[in-house]
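Once you scroll down, you'll see the structures, which are given as structure tokens.
One chain, subunit A, links the two complexes that follow: it is found with subunit B in the first and with subunit C in the second.
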Partner chain A sequence: MRFLGKAAGGLYLLLLYLFVAGPLLFVIATSFNPATSFPAPFEGLTLSWYAAILRRPEFLSAAGTSAVVAALAAALAVVVAFLAAYALSRNGSSSARGAMATLLASPLLVPQVVISLAILQLASAWGVGTGFWGLVAAHAVYVMPFALRLLLTGLARFDFAVEEASRSLGGGWLSTWREVTLPLLRPSIVAGFTFCFILSFVNLPLSLFLTSPDTATLPIVMFAYIESRIDPMIAAVASVIVLAAGTATILLDRFLHVRLVD
Partner chain B sequence: MPELILSHVTRRFSGHTAVDDFSLTVRDGEFVCLLGPSGCGKTTTLRIIAGFERADAGRLTLDGADITHAPPQQRDIGLVFQSYALFPHKTVAENIGFGLKMRGRPRAAIAAAVEEALALVRLEGLGGRYPRALSGGQQQRVALARALAIRPRLLLMDEPLSNLDAQLREEMRNEIRRIQKSLGITAVLVTHDQAEALAMADRIAVMAKGRLQQMADPATIYEAPATAFVSGFIGQANVLEGRVESTGAEAVLALPGGVTLAGRGDGLAAGAATRAMVKHERMALCRAEPAQLANRFPCQVAERTYLGGSIAYRCEAAGMTLTALLPNHPLFESFAPGDTAWIGWAATDCAFFPC
Partner chain C sequence: MTGARGVQWLLLLPSLLLLALLLGLPLAAMLANSLQPNVLLSFTGPALDNYGYLLSRSYYLQVILRTLRMAAVTTLVTIPLGYIAAMLLRRLSGRAGNLAIMGLTFPILAGPLTVVLGWMALLANGGPFLGPLVAAGLIGPPNLLGSETGVVISLVQFVLPFAVLTLYTGLRQIQPQLHEAARSLGAGSLSGFLHVTLPLSLPSALSASIIVFSLAASSFISPHYLGGAGQLTLTTLVTQFIMATFNAELAAAAAGLLLLLMLAAVIGITAAIGRFIRP
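Up next is the complex of A and B:
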């Protein structure tokens, strides 16, 4: 009986993992398939689709654009989220904190295409172009709530008495933040930044109305590519993104692990 | 001379006054305990002294200088927190040296001061550890060393022993007192634990509802409480209510049942509703009539509670319910529920307070 229960639990876990990771595995497998259409039966193993990426400069420059946009948007989002989370955790009743946190999370409730369109309209109403910074702003607005959630969780475990200890020992506001507050919250800040970066990097709908040929992000270029044809090169691009994001996540976990447990 | 003076300090929060016209002088080198029940304003008072809470009215001076509006980092006050608030990401040595680092002292001077502070709290050799690798008592010592390393003009401690187990608490009481005396530092400790205050303080300031009830040495607080609150809060007392029959050096209180009590009190008026308070351990319980006690009544033992070091007897006498606490020693008689006996107390142990 006991064995059957364990086996059933194991099977459930296996199915769950397959459900989550299955499509990903399929995409990665496809990227090695020499067949020129997709999906198609396996015909062997090749790295030619990865080589093909290198022959398409628009993918490489779009990856660069995406990385810069994601870094700036994540940095902006983390700064705003940190200030909001800090103020919410330090002051106010827990009910007010909940209400404010929900309000700050509201960008999640608006379809991303709508945020993109709204920023485009606002910019043209003001008579300014959206350009690169409009794109960054849209991404920052959307990813900010994720950083907020992580920082609120981090701050919930933060004992504000250590700030008072620092001040009683002669530390001003700046030194206290530099020496005590920020180092203790570093895991949440790093995790928030990484999470925001990845979310921004792979995001398509936010960029739909805000990119020009100069500022095309990687998802936009991928989208344009598969509109004209579908071949496994797009799977190769996706595999590279998965590999990079996966590596970042693992490094982060190790980094946090080292940080949190000595 | 590092002398701390609070004059007419008041702090209001929305709806209530946490600290109400509170005045206090802590003399140079003195150890003062702020004692009171939770919510009495003692922690708010400590936070006002430290600079984390502002005073709505009143003035604070330390060492002759007005610090009412000085930010905490400029007060030179060492603070020990209830939660210790050690920096978890810094080693013990970095924790202790933090205040000197903030003051821009050279590395070598900091290292020497840290060694000295570690020796003071008897934690030599543990400078390289992280706080989480230390026991609660050791963390407490680090918190104390960190507060003292800046050579503060004043040491403040907020319930510093409440997170320690009973045995360690007693050890740390003596340890804190030894260090305070050896440095001659002026200190204020906030506590709700009267045993702690009685054992440690030069003087105790008893607070209730934001107000100072009494400021005196431990023996006076215990033996000659100034208010009914102090009398009831320190130790355990029998409380009897009646009306004053006569005043004078030895006043007389008439209880509703016709019983009269002899006792002492200030500000009594004949006919006024008044409360008599007698500490449990000042009650005598014996088989023979205790003729030397002004207040004595035949009684019946209703309940016996064995407390180890002492035994508490709840007795019924002339319509009063009284508790007597007797040492658990062969020289004292032992009683069982249902026994008849005499219960009595001296007029000097019977304090009258106007209601």
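Up next is the complex of A and C:
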């Protein structure tokens, strides 16, 4: 009976993971299929769709734009979230901390399409174009709560007494932060940055109304490409993103022991 | 000490400014814009005519109802599925538990655009599972692409990791001693679950429900690719107003309705589940 229960539980989890990961695995499999239509029966194995990406400069330059936007948005989000998480962890009653953390998490409850639209309409109300910084703004405000959550988790394990120790040994406010606080919190900071970077890099809806041909991000270029046709090349682009995201997940876990859940 | 406290609150200033300038101000501009006349409707703004227009046409009411229905069905399917998974995952420890959590993080990081490509292939013509059955004439073509069911299937898959991770965190915080105490007092595993685990896990079930509903109602990629023009939701309607009919004011009003719907849902879900949470 106990064994049966365990087996049923295992089967349930297996099916659930298959359901969650299935579409991704199917995309990866399709990217190696030489057939020119999508979806199509499997005809063999080829890497030609990956080579085809290299012949499309718009994908490469869009990946560059996405990387710059993601890096700026993640950096802004992490700096701002670190200061907030530090203040909330160090001081304040737990109810005030909870209320403030909820307020700062509010961008998560605003649809990304609406964030994109709102920034577009603020810019047009002011009579200016949204430009590159409008794009960064939308991404930064959306990823900030994710950084905040990781940093609050990291700071919950941080012993503020080490700061007192540093100060009693004559360390100033700034040198304590530089020599003691920041190095100890490095894993959370790096994980927060990486996580925000990825979330911004793969995001389509935030950029929807904010890009021009010069500032098209990778998901926007994929979006435009899929509107006209679908072939395994787009599956190859997606597979590269999946591979990069998977590598980052493993590296974060292995070297920083940071996960989204504790 | 008050000086130190002042410094602490100063540290909160950048994040509050970020929220105010990059979220609050844009949303205010958008909502102000939703009260203005446009190419389709002439009135003297600010007035609620755009909202009145959207709420009085059965076509747009359908869109609103569809958004609500898809998000509600997704939540009702996902929370029980995710709860069972979180209960099972809670027993895993060490390496297996670690891998299981990473397996759930990974689709979130890969992003919905890559995932939806997979669904487009899997749902078309029955895909690899039902496709052969269709070809053999055993079942009719399922026609999931372009249907509400197809969108809901992909939404459940997209939000499930978020639900499991939230519920798992909540369940792990329940002290194992409580289960032992319940057992030593003669509670069976079912009554132990009903009287100990379930009540204590309700706060995380509440946050998981809010997260799942919000993600589903605000999802753009699944309804756009898998639902198409025949299954518009509020997010894809906003996009149509901007990209096809160039009506910024109606787009703003549709976005305002979406925010209102989500706010009402959060209040509704909190009231429904919150009743059972003991203070």
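The definition used in the following text is that the second predicted complex is superposed on the first by the 256 of 262 C-alpha atoms of A that agree within 3 Å, B and C clash if a C-alpha of one lies under 4 Å from a C-alpha of the other, contacts with A are read in each partner's own complex, and residues count from 1 in each chain.
The rule we apply is simple: a residue touches a chain if its C-beta (ideal position, glycine included) is under 8 Å from a C-beta of that chain, and two chains touch if they have at least 3 such contacts.
Computed from a prediction, not measured in an experiment: that's the story for all the values here.
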Query raised in the report: Clash or fit: how do subunit B and subunit C relate after the overlay on subunit A?
Result: fit
Query raised in the report: Which of the two partners, first being subunit B and second being subunit C, lies in contact with A:Leu148: first, second, both, or neither?
Result: second
Query raised in the report: First (subunit B), second (subunit C), both or neither: which does A:Arg167 touch?
Result: first
Query raised in the report: Once the shared chain is lined up, is A:Ser175 touching subunit B (first), subunit C (second), both, or neither of them?
Result: first
Query raised in the report: For A:Leu184, is the partner it touches subunit B (first), subunit C (second), both, or none of the two (neither)?
Result: first
Report task. Check the residue A:Met100 against both partner chains and state whether it touches subunit B (first), subunit C (second), both, or neither. Result -> second
Report task. Considering only touches as defined above, state whether A:Val110 meets subunit B (first), subunit C (second), both or neither. Result -> second
Query - Comparing the two partners subunit B and subunit C, which touches a greater set of residues in subunit A - result: C
**Report entry** Overlay on chain A, subunit C to subunit B nearest C-alpha distance, Å
**Finding:** 5
Query raised in the report: Taking the two structures together, which residues of subunit A meet both subunit B and subunit C?
Result: 262
**Report entry** Interfacial residue positions of subunit C with respect to subunit A in the complex
**Finding:** 4-5, 8-12, 14-16, 18-19, 22-23, 25-27, 29-30, 32-33, 81, 84-85, 88-89, 98, 100-122, 124-125, 127-128, 154, 157, 160-161, 165, 168-169, 210-211, 214, 217-218, 220-221, 225, 235, 238-239, 242, 248, 251-252, 255, 258-259, 262, 266
Query raised in the report: If you look only at subunit A, which of its residues touch subunit C in the complex?
Result: 9, 12-13, 16-17, 19-27, 30, 38-39, 76, 79-81, 83-84, 86-88, 90-92, 100, 103-104, 106-115, 117-122, 124-125, 137-138, 140-141, 144, 148, 195, 198-199, 202-205, 208-209, 219, 222-223, 226, 230, 234-235, 238-239, 241-242, 245-246, 248-250, 253, 259-262
Query - Residue ranges of subunit A in contact with subunit B within the complex - result: 159, 161-162, 164-172, 175, 179-180, 183-184, 262
Report summary line: Seen from subunit B, its contact residues with subunit A in the complex are 50-52, 71-79, 81, 83, 85-89, 98-99, 102-103, 130, 132, 146-147, 150
